[in-house]
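Below are structures written as structure tokens.
Both complexes below contain chain A, partnered by chain B and then by chain C.
Up next, the complex of A and B:
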């Protein structure tokens, strides 16, 4: 038998660096695990990883492209973080993002023709947030009043949103579709007054500033408002919240609506900053699901979310750049796989921030 | 009238119910032992992609099914390790399993995407029974996996209610502390049942690529069946035979477009809206059967989702 005995013991003191070290180590471990799969598939992991970082984080356009993808990821990351930290699991940011794009592009097409740019973009963003919140509303109400698991309802709503979006562009001659385009069905482009301005000759747009501002706003709400306080209490104990007179139902509903609005906002920034139309092919990227990884890795901290979103944005961006490598193509999906692995290791590593592994000889353990 | 199409739809619904039922039965086993595994969709994808590879390489249906199932079990051991040994949050871990499973299966399956696989399960005809109107095509002319699924559901019912080991599993799910005192190995029981759940989920995914859809594609193969299976366990109040009934209902919702599009009386509903049907049905079912009070009454395992730590008992 094994001469050692492993036990997890609760740490008596915690250090701040442990919560930074865990995500970093989990990223390293995930890359190591990813290397195994790359080797099995016959790729050289060192080359793949080197190119991956070169593509996303070393050139000007690499960095700005990474930041461009970070914009929706910051917002979907916040969408997950706001509720996950209360142990409410809205995993439907993906669907809320689609609805944000549907509402946002509608507003862009219908309302912004004569507006100055700043106002036009604002209209698109507000419409997107409303769309996302509305899409989360059924899940919020069912959870608050019937105790229905929001995990499954938000995900089911995501599938419904997906088919709705496809219907608007591929399945009908809706208001969103460019009915003059003769070839492949596509969305009608929103006027320039509803678009974010680009930064010089890059693809990066002012949505980044908006996303960072929203991150700060979320932090302020959580830390300094009574709603944020209520959310914290409800999150740590339903019963405690009820006894101290906090309206639990209202707080739960508000939290899910805010989360939905953030997801919707992500869809609206994609419309105003990148796609300029309701473009199902350009939106079905799993940005909502990646938001969950962002939030978990950032330990639900709004500022860490900005950093993590940039990192994962780069990873995703590099997947595309890897296509340019000589030899056999590395699938774009390598970045998706790495994301999942990073999350798994982060969850596994989480316990070591408040537990430590103690190893003792079995003989001693028996003697004591 | 178009009765023939309706009967064909019902018969197709039985086939469509198989993966949903298998995945839900697996989840039922894991949940009965007290571990919630939201990663069903990920385990199904891994099972599907591995089964496809083996089916493509060897042409053997049953070997492909076996490898797909084992791959699902192996994959679910990640969840067991994180939740049982490291006592991680089961919800977050399950979500991570879906994300990793999606990424890994797409990565592995990149080279075979869209490639057709010309294997199929041959239906078993039960002699003259297959000629009975309606019931014949519905029950006596189906592929072997349909009967296997029914047998598995019956076996699980007997196991959980009539055997000592099965009762011990339920004890672990209801009150791990008490089970531990009685000498039941809580961690081992949970590992085994999470992995049995993975086995069945992998089998469900394998059946999808081998018998239901003609080729592998990450978003088209499972299409949320893993999540529907999770809702189905709640709907079935953790009873295996009710899982079968519910799976048939969802199978019908998945195939209803087949029937509705052929009917004159049916309004001309766009295909996208018909595709929403199973997901709408899932929400409706959860709102009605998944309410907090009802869940408590019908016997959701009391320790579901709670990690067991002997030191903090």
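Up next, the complex of A and C:
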């Protein structure tokens, strides 16, 4: 017999610091787990982690590169957060991002030639948001009217989007493909009027400001508008929503469309700020799926999403930098592995914000 | 102070108590649910825990059966201290609880439910043996039940029997019954009491949780009265009476008064005509006509489950009736939804508080907004002021206006709901009519009186009030006119003062149906 008994008890009181502590401890635990892996592979975890942080968060270019990756992550994080907090699991931000890129790059190529830059970029972003929302629409309608699991539909739609994007560039001479490029098939570049301006001599673009503004907007919608209120009610109790006359289906559809639009926006900012074309190789980075990690770690808080996206952006950025370490090369996958471990620990740790672990000694005399 | 391990009146001092709580204290955030409570039951007796809702009865019972652990003090079983970690642990010690809300799987048979989760069963179940045992237990204790019947085909009273059989099958000889009569018809109550007596004659110890004085006097040997988490008295029923118990329970003499509307008007506030609702092919509301005038309270009485819920929901626009019309003032709102009904001036307090009337995951402030008109932006400032004022007026126990509704006790959440729906009732610009399902269920007597006062005042201001309640006394004390709902139909109606009490009882039991039709 084990002399101790472990039990989870429901916490009756919850404190704000618990919701900060859990993600932080999850990150630490993930790094600890990663250290075991690194040790097995013969690397010194301290060195690797130090390099990792140095690469992403200490130099000007390191920080700006981390922030550049944070831009789409903020948006896909918001895409997940908006619906996850209602217990609607749109896990298809990845596909919605591709559609945003397809729509955004089309708009950039077709509509922005003579426009001033600000307007040109706006056209790309709006088109991207529309594309993402449209791609989420079937999942929204099926969820609202037939109760079809949005987890399945949004995931399946993601694969369709992926192959659609590849087809447009690799499989056909589509409008998006640069048919004059001789060698490897690639997307046609959008005109400069459709591109975000870069900050100083770095790769950071104005999409960061857009993403932060959108985060604020999402916060305002959720917190202060009737739409956000309706979403909160529907997310917490269908019966209460029906009792008060809130249209449940319409609210569910709206929420998923907003989520899809945010995913599409992420694709459009990638096109306007980094890829400048429909570029499957440059877009297939799992930014949409990473958004789920961002949202979970940020506990669906729009402002926390900005911070978490920057942190995970840095982690991703560092993956490349690690290859430059002296001696045997640290695989670039280390950063992805850490990211996955962080999610696992974050989800696992979630239980401790609602429950506490109590350890008690098993006394022999108890049995009668 | 006498300790609970000493012999109580009518008990046998030479044997230890079947179960005892020694000086137990249990705290919840902001609430001292049990404050140094002593309680014990001897084998062969019925000991009632009596108290208003929120007095701490259920918390004490939960500690006795292993659902909660005391913060201080301990539980003793046959004179030995035990630490119960879970209800299963409790059952392993022979302590079984029958909850108010049954823990049964609808699609399983009686026998399957009886052995469900039983740790003593072998991996391969011998149903013939199990069914035989179930039938034997049924015979022994007057609990006739077909072991092969599906739970979904059983009445509420039969389901309760299954719960009791389940506990006896697992060898419980301390049984805790949490408000067992709340869901039963009078004949079912009699049958239950017969069972209770046969169990005590076999030496079982029974803990009965109730707030109905008549029953308590009839069935118990001893009564422990609780108020606000503390024991206010422990008495033998042979040495007390209902009045004395009521005083211990509420701490002041109970005043049952009758209030009627002073101004009877002929202004129709809202009506239902030929209202019929089908649910899964069954007629649950059958051709009901209701008229409520301004300045009048109409009460709908009846045993739970006779169509009260769909009737209220159809009237308030939450569901579409299959036939019939609903008008509020001059507006036909049939099937136009709850918002249209509210615009026409109808408030609605639904039967389910948390989850329908209130949103569990939202703050109290946000819950005040649920049935308010909302613009593009929500107006939290006025909602916060409103709930803050209500917390004072209704004495709502909560950490604050931003606490989640799910953290409130039943009585307190009911107060929040009433505060929202009663606001401005009968005042100019406010709603002119209200449907209230079980207005005071879960409230202590003081709060219930307060709410009834509010409903009465609203009537005096000219509001039209429809009360749908299982509490017949409440309906009779407030209503100018009343009706009895039986199987979705109005079985009896008339002026409350002109309806003989016996006819009401017969109508509720479905006996008077032919005579009045």
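Following the convention adopted for this analysis, the second predicted complex is superposed on the first by the 364 of 368 C-alpha atoms of A that agree within 3 Å, B and C clash if a C-alpha of one lies under 4 Å from a C-alpha of the other, contacts with A are read in each partner's own complex, and residues count from 1 in each chain.
One rule holds in what follows: a residue touches a chain if its C-beta (ideal position, glycine included) is under 8 Å from a C-beta of that chain, and two chains touch if they have at least 3 such contacts.
Note that the structure is a prediction, hence the values are computed from the model and not measured.
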I'd like to know which partner A:179 touches here: chain B for first, chain C for second, both or neither. neither
A:192 in the overlay: touching chain B, chain C, both, or neither? Say first, second, both or neither. neither
Partner contacting more residues of chain A (chain B vs chain C): B
Looking at A:236 after the superposition, I want to know if it touches chain B, chain C, both of them or none. Which is it: first, second, both, neither? second
Could you tell me if A:91 is touching chain B, chain C, both of them or neither one (first, second, both, neither)? first
So, A:245: does it touch chain B (first), chain C (second), both, or neither? second
For A:146, select first, second, both or neither according to whether it touches chain B, chain C, the two together, or no partner. first
In the superposed arrangement, does A:225 touch chain B (first), chain C (second), both or neither? second
Touching residues (chain side chain C, partner chain A) in the complex: 28-29, 77-78, 80, 82-83, 85, 93, 317-318, 337-340, 342, 348, 350, 352, 355-362, 366, 369-371, 374-378
In the complex, go through chain B and note every residue touching chain A. 38, 78, 81-82, 86-89, 91-93, 95-97, 99-104, 106-108, 110, 223-224, 227, 230-231, 234, 270-273, 275-276, 279-280, 282-283, 286-287, 290-293, 295
Complex interface listing, chain A residues touching chain C: 5, 7, 12-13, 224-226, 228-229, 232-233, 235-237, 239-240, 242-245, 363, 366, 368
Sort out for me which residues of chain A touch chain B in the complex. 8, 37, 41, 84, 89, 91, 138, 142, 146-149, 151-153, 155-157, 159-160, 163-164, 166-167, 170-172, 286, 289, 292-293, 296, 331, 333-341, 343-344, 347-348, 350-351
